[in-house]
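Below you'll find a set of structures to go through.
The following pair of complexes shares a single chain, chain A, combined with chain B in the former and chain C in the latter.
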Partner chain A sequence: MTLSAIHRARPRDPLPEALLGELRARLGDRLATSAAAREQHGKDESAHPITPPDAVAFPTSTAEVAEIARLCARDGVPMIAFGVGTSVEGHVLAIHGGVCLDLSRMNRVLAVHVDDLDARVEAGVTRKQLNRHLHGSGLFFPIDPGADATIGGMAATRASGTNAVRYGTMRENVLGLTVVLADGRVIHTGGRARKSSAGYDLTRLFVGSEGTLGIITEITLRLHPQPEAVSAAVCAFPTVDAAVRTVIQTIQLGVPIARCELLDTLTVQAVNRYSKLSLREAPMLFMEFHGTPAGVEEQARTVQELAKELGGMDFEWATQQEDRNRLWQARHDAYLACRQVRPGSRAFTTDVCVPISRLAECIAATNEDITRASMPVALFGHVGDGNFHLVIPIDETRPADLEEAEAINRRVVSRALEMGGTCTGEHGVGIGKLDYLDAEHGDAMSVMRSLKEALDPRNLLNPGKVIRVRDS
Partner chain B sequence: MQDVVENLSRLIRDAASRRRPLCIRGGGTKDFYGGEIRGDVLDTKPLRGIVSYEPTELVISARAGTPLVEIEAALQEKGQVLPFEPPHFDRPPQPEAPQPPAEGQLSIAPVPTEEKLATLGGCVATGLSGPRRAYAGAVRDFVLGARILDGKGAELHFGGQVMKNVAGYDVSRLTVGALGTLGVILEVSLKVLPAPAAEATLRLAAGPDEAITLMNDWGSKPLPVTATAYRAGSLSVRLSGAPSAVAAAAKKIGGETMDATHAAQFWSDIREQRAAFYAGNQALWRLSIKPTTPPLDLAGPQLIEWGGALRWLRSDADAKVIREAAARAGGHATLFRAVDKTAGVFHPLSPGLAKIHRRLKEAFDPAGILNPGRMYPDF
Partner chain C sequence: MTAPAEQIAVDLERQREVVSALRTFLPESAVLFAQEDVKPYECDGLTAYRQVPMVVALPETEEQVCRILKECHARKVPVVARGAGTGLSGGALPLGNGVLLSLAKFMRIVQMDVRSRTARVQPGVRNLAISDAASPLGLYYAPDPSSQIACSIGGNVAENSGGIHCLKYGLTVHNILKLRVATIEGDIVEIGADALDAPGYDLLALMTGSEGMLGVVTEVTVRLLPKPEYAQVVMASFDDLAKAGEAVASVIATGIVPAGFEMMDQAATRAVEGFVQAGYRTDVAAVLLCESDGTREEVADDIRRIQEVMEKSGAVQTQVSRDEPERLRFWAGRKAAFPAAGAISPDYYCMDGTIPKKRLGEVLRRITAMEEKYGLRCANVFHAGDGNLHPLILYDANEPGAFARTEAFGAEILELCLEVGGTITGEHGVGVEKINQMCAQFSSAELAVFHAVKWAFDQEGLLNPGKAVPTLRRCVEYGRMHVHAGQEKFRSRFKVQGSRFKVQGSRFKVQGSRFKVQGSSNIGRPMNTKFPTLNFEPGTLNTEHRTRNIEH
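Let's turn to the complex of A and B:
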């Protein structure tokens, strides 16, 4: 089904007046029904058309979320959890209407246990806010998707970022959760113990469930000690292939590289313009090494040798924090920079992940798709774990653009699946990847569907995302 | 191999239609672990062999009945390891140790000793990890994908062989530690890591409070610590990594360096529970708690691992007392080895969580035939 068809086909019932009255009585002006508020909560960073909810609630506690959920469940009204709307697959779009629960006002860091290396936060705390809070503690929270997303949203989408090779993703860094279930009951999973073997691993089931199994309101996170020494390096390559080969050899040698990002020529050009840098306009690796001063130097030297053999040029160091931050901010802004390549456009992104041994081959074939495309398509990604993105800028006034972007995505995804990969390495399913899940999982979708039915039998939690149940 | 899978599927469908419980078993090395074992044995040993291993990929896929030793040997040849150091428990423990499983616990014939080889399936189903767990991650952190037969005999595949995958619910990891109650594991893909280039084990004299403080202090610093163990005044710490990093850290930590052979034996005895602490018939409790918890005021000898997050306890104390102490410390207690398991093996679930567990169990195994009672008595 095409995206436009998804948007047309949704049945929507208006919110019961009585429910609105009860929500307003409890939340006062923390319930918004204005067109502006609804529209603002009917979109994310994706190219999907705005699909507003019927009302937006701004709860400030787990108890309030639970109460809203009880009322919505009573009336059979859909509930959509919302952080800051930085998802890229239409995760937060209210395709069945309903009440959006904007959790951004639940933004307290509840506890930081420096000695235990953990922290408990409310869902609306953003990753940058948490790291500011941790400043001076010697600890940090490493997961860094490009946007300053909320921890709740990151848990719900099982987010990762540029540090995954070394520190893992949200999957490995969430220790426990407080979750409001579809009927308003509140449960606590996991805990502060590192290892939780009491029963099934519900924490990991909710992490990545995209708000379809429960609404995450509090998260206990694992923190990491700040590395004693950090150094960053950039290196240009004659071809994307040479850059990828350098990464593969680095990993084979067991160099514990912390970050390793590939930018193709178009991305480098876009980044140069957007972030006012003057990098050589060629395929490029951004790398970072964490460890002891001696270890960091050893790692970087090893990689430099490998890069040189494969034609690497301009291997440059950045040991000053300022320079490093500038570099990584530029990398994080690559998505925005690539959108600027075609001003006024919205971005359609792809997110495949393939086995590292097939990465060079997969990127080479994808490059042929890019060359044939009618718009400038940028390629960049987290090559250390086999995950890369295309940013396809589309003009909303031209339906042919969306069709072309979808066609490119279909080709990239089917190639990745053939290579034993996945259609989505870190962005999640939302509505954008729904159609690919059957191809990837086959019969296993039936178990996922029964898990959804087990936890949300009436399909009220973010309906129509991740999994199709009955009429969604 | 597909005929083996089809045969298992047929046995499951048959058992489901007759509602006859099945006991999923590989090498039988962890029969002692968990609750009641009953039903017809569903032998996973014929599911043997490494399906694919590409060292450059840092991924190995193997069938559930493959002995762990076989997997570890294949990895060692390429200088790689299973970073979570799974315990095998496949050699008889020290004399006088409980001869697990306990009387009355097992209504099926034990596996002959010569066939007792820990399998990958059992490693994943029990979700048990060894000394490096607190520093490298647990089994579940390394499972990338799994192939299972559910309680209806349907073959399902979750996850894959790639490092990152967010396409749908994380079902492969849900099966880790589920003790076979959600499905029969057929095949697992695991992330592996290069073996550390250098290792050193240091030993320091310390009291229990000081030991816990030291372990946590090391954990919060960028030191290449990969194992810690404290018992009776002696704190051992293992460092692994690049030679320069290990040497620099050893200097900072101090203490006495153990010779390599002795050190390897020491950590293996901890991992496989062959150290003297584990001998004898007294109940062995495993308390998973927040790492900074001071020494627990519970009767019986304790051994501390995982930077303070894991406390082994030999104790005849009341289960309730032990579980309350664990809960106060932010964790839970498992009756790991015992002759009498009437107190329940795992921490009881709250009514809300128990309900979700039952629903999940029903989603995977509607007839309730897969290892019933192995985790909790009622499913």
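Let's turn to the complex of A and C:
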């Protein structure tokens, strides 16, 4: 769906007065209908125009979410689950109006089982909050999308991060869920056991469903032991291609690298400015190695040799925890940094992912698109997974910018699909990638549509996202 | 597990109709129906259940598979897909009124790609054959169920198989990238992607472990891993089961992720030593095997630490494999545990439950107590690292009443797994074997979601009906059965009042001999379509009982 298409006014009925009254009776001042609250919940980090819900509820328990869902279902009112609004594909936009359920007040870490390496949290807990909570336990939760997103939002969008190459994405790290269904019933999926082959894998069905099949209220997560040794390094390369080839060979050799991020020259410049660093302004890899002291040393040596053969400079080490934190925070802020390249702009992002064997070719071709673009386009990404992003800064007052960004995105996506890749490696579908899904999945879309119809027959859960049902 | 059903007599007219329909596009030799021809397909690895299928179809191409499904769909004939028939929960048990769709002829490795480290294979390819073919390239396929010599990759997908190495490398679902699936309508759907993540709903995960109830897998793209440079295993012997259980938790707590981590109790080591001479001590309560793989430096580091932890946990002896033949010998015993049980007992019944690791010692003690209660021996082998138990109940089918006691013993073990927060099947699947325990593990809302998923793929319920997901009617009957057997757990939720039922704390009410749904939900009932009321059929009761603990 193009951005312009979303602008089209959609018919929406106002919320029934009776429903508002009942919600207010239950939630008191935890129900907001002010323009400010609604606007704040009608946008995310994407360039999509603000599309506010009719009301915002701030439930504090699964039972309250279930109650709200039951009432909304009774009156046929859409429900949109909301974490902290850091998604980038318009996932939380209330394009059919309805009630937004802001889960940020469900922010308790319910349990940490150090022996079993798992934790149970409410959906509104953020990833940084969880890691602060785990401090001193010897464990950590690895998935780190750029923003300090909520665990619920990360589960809903099947989020990934800089160390997915080693620890997997939310798909591998969610063990179980509590989900409120479209009619307000509550189910538990999965559990604390590491394996179960009982019944269909509902956990993974809800992970990545972007609030369209149910509202995730609690999550059981897999935790990982803090590695004994960690070392991080940056390495500059003469070309993006040389950096990419180093990564490909690293992965093909089976080096268990924990993080491996590519930043092109423009991104490095932006990051230097935004995060006050003084990195060499050249294509660069940010890397991190986890393991035993001997293992880490050996991994780093192997990668250094590969880099050298391809013209990489010497590794610069970030040995202090403090330096490492600065480095990775800078990487996480790359999206914000790139937006600043053109002050006042909104960012249009792409998120393709290709098999690692096609990565060099894909990035080379994408670089040509960047060169031809009329605005400064930054390229960076989790290249160890074959996943990379473009940040295209667009001036909202210039319609031509949006058209150009959409054209670049179309080219990048169709190239990725041709190479057996995907239109979205980690950001999800939302409304931004809706149209590409058909191209990518073909017949599988009809199965997804049937699933949506079976679990949300009245299309009340985050309607218009992921999948188009009838007139949505 | 319930007593095996009566054999259903084949409807000969229906059989003739189906055979002639299939023979319009399949050669005669690929459509079997004579008693002596279909007999070999009457059961899978769960031999306690047998049923001769009405017709066996042996297609060779994907088009033929689609055509068979189309014909069956048009005639409302149920279809059961079968790989190598090594399943342990009866997932491939045929139907007397159905077609058994054998994928045995799909034996081709279509493509091996070194650069992307993937292999595209047909579903009938044996698990081990993939690793064998990848071996010259320095690669292998990680999941390694004990039956890997014989089991097929299609069956692995259907059951989400694990194995010794899944602790570090994951289950089937973590090691496949893409599937080609034939739907019951006979259409081909491609799901998953060659790249890291496919957007939209995770159909790949949904299909994996769905036990042939959502579609028929016709091609699998698996992920291959580089063979580790080096591997070593520590064998540790303990004179106390609880200490061994503690040692497992302590090793995991160090942060090491062993490539394999297995435990055997004394009954198991004795059986195995009599069978393959792996070098296990038979005078100890338990033997642990813990493997590390990677580079030589990493392995040396890990092994040293594992050995230390084992000794600190009270191991009476630890031994590190000195060379590759010794490492393989240590594992040979564990891999031969099932046949070894077969050698010391006329029959054995293999269970499969998971528990949180720290409850291991307690669960073992209670299984020992059950041995006495049921008068049967039980040898225990575990994927200790992920808390997956395989108790092997030893019995003699010719002894009157022995099978019934075995079943009761097995059911009690599974319910114990649930009680401590685990699940009723770690890797063998539900099939027909554990369908009743599903009622104990899942609530009615959860079963309704299962039915909704099933509906989305197979509206008429023609794919492997009667397996994996119970109808609510069945759960009611199971609840009743347990009340009659005097089991406290269900009685607390069910009250039998004369010939009527009353469910406490639910929205459903019994009226006369039928049940009426009050405040019905329409999940699982899509708009504008005729939906066979799977979740609330008349005469069934929405049972709200559940026993799973969600620990906080």
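Heads up, the rule we're going with is that the second predicted complex is superposed on the first by the 468 of 472 C-alpha atoms of A that agree within 3 Å, B and C clash if a C-alpha of one lies under 4 Å from a C-alpha of the other, contacts with A are read in each partner's own complex, and residues count from 1 in each chain.
Assume contacts are C-beta pairs under 8 Å (C-beta built on N, C-alpha and C of every residue); 3 or more make two chains touch, one makes a residue touch a chain.
The shown structure was predicted, so the numbers you read here are calculated from the model rather than taken from an experiment.
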Quick one: chain B and chain C on chain A, clash or fit?
-> clash
Could you say whether A:Asp183 touches chain B, chain C, both of them, or neither, answering first, second, both or neither?
-> second
Scan A:Gly199 for contacts with chain B and chain C and give back first, second, both or neither.
-> both
Scan A:His441 for contacts with chain B and chain C and give back first, second, both or neither.
-> both
Looking at the overlay, what does A:Asp385 touch: chain B (first), chain C (second), both, or neither?
-> both
Does chain B (first) or chain C (second) touch A:Leu455, or do both, or does neither?
-> both
Does chain B (first) or chain C (second) touch A:Glu17, or do both, or does neither?
-> neither
A:Asp29 contacts which: chain B (first), chain C (second), both, neither?
-> neither
Interface residues of chain A shared by chain B and chain C, listed 113-117, 138, 158, 160, 164, 168-169, 171-172, 181, 185-189, 191-202, 204-205, 207-209, 213, 225-228, 252-254, 256, 291-292, 294-295, 298, 353-357, 385-387, 420-426, 428-429, 433, 436-437, 440-445, 447-448, 450-451, 453-455, 466-467
Which bits of chain A are touching chain B when the two form their complex?
-> 113-118, 138-139, 157-158, 160, 164-165, 168-169, 171-172, 181, 185-189, 191-202, 204-205, 207-209, 213, 225-228, 248, 251-254, 256, 290-292, 294-295, 298, 353-357, 382, 385-387, 420-429, 433, 436-437, 440-448, 450-451, 453-455, 466-467
Chain A residues within the chain C interface of the complex = 110-111, 113-117, 120, 138, 158, 160, 164, 168-169, 171-172, 176, 178, 181-183, 185-189, 191-202, 204-205, 207-209, 213, 225-228, 252-254, 256, 291-292, 294-295, 298, 353-358, 385-387, 416, 420-426, 428-429, 433, 436-437, 440-445, 447-448, 450-458, 466-467
Please name which positions on chain B make contact with chain A in the complex.
-> 54-59, 79, 127, 129, 133-134, 137-138, 140-141, 150, 154-158, 160-171, 173-174, 176-178, 182, 193-194, 197, 216, 219-222, 241-242, 244-245, 248-249, 288-292, 306, 309-310, 329-332, 334, 346-347, 349-350, 352-353, 356-357, 359-360, 362-364, 375-376
Over in the complex, which chain C residues touch chain A? Could you list them?
-> 113, 115-118, 159-160, 162, 166-167, 170-171, 173-174, 183, 187-191, 193-203, 205-206, 208-210, 214, 225-226, 249, 252-255, 294-295, 297-298, 300-302, 354-358, 383, 386-388, 421-430, 434, 438, 441-443, 445-446, 448-450, 452-457, 468-469, 521-527, 529, 548, 550-552
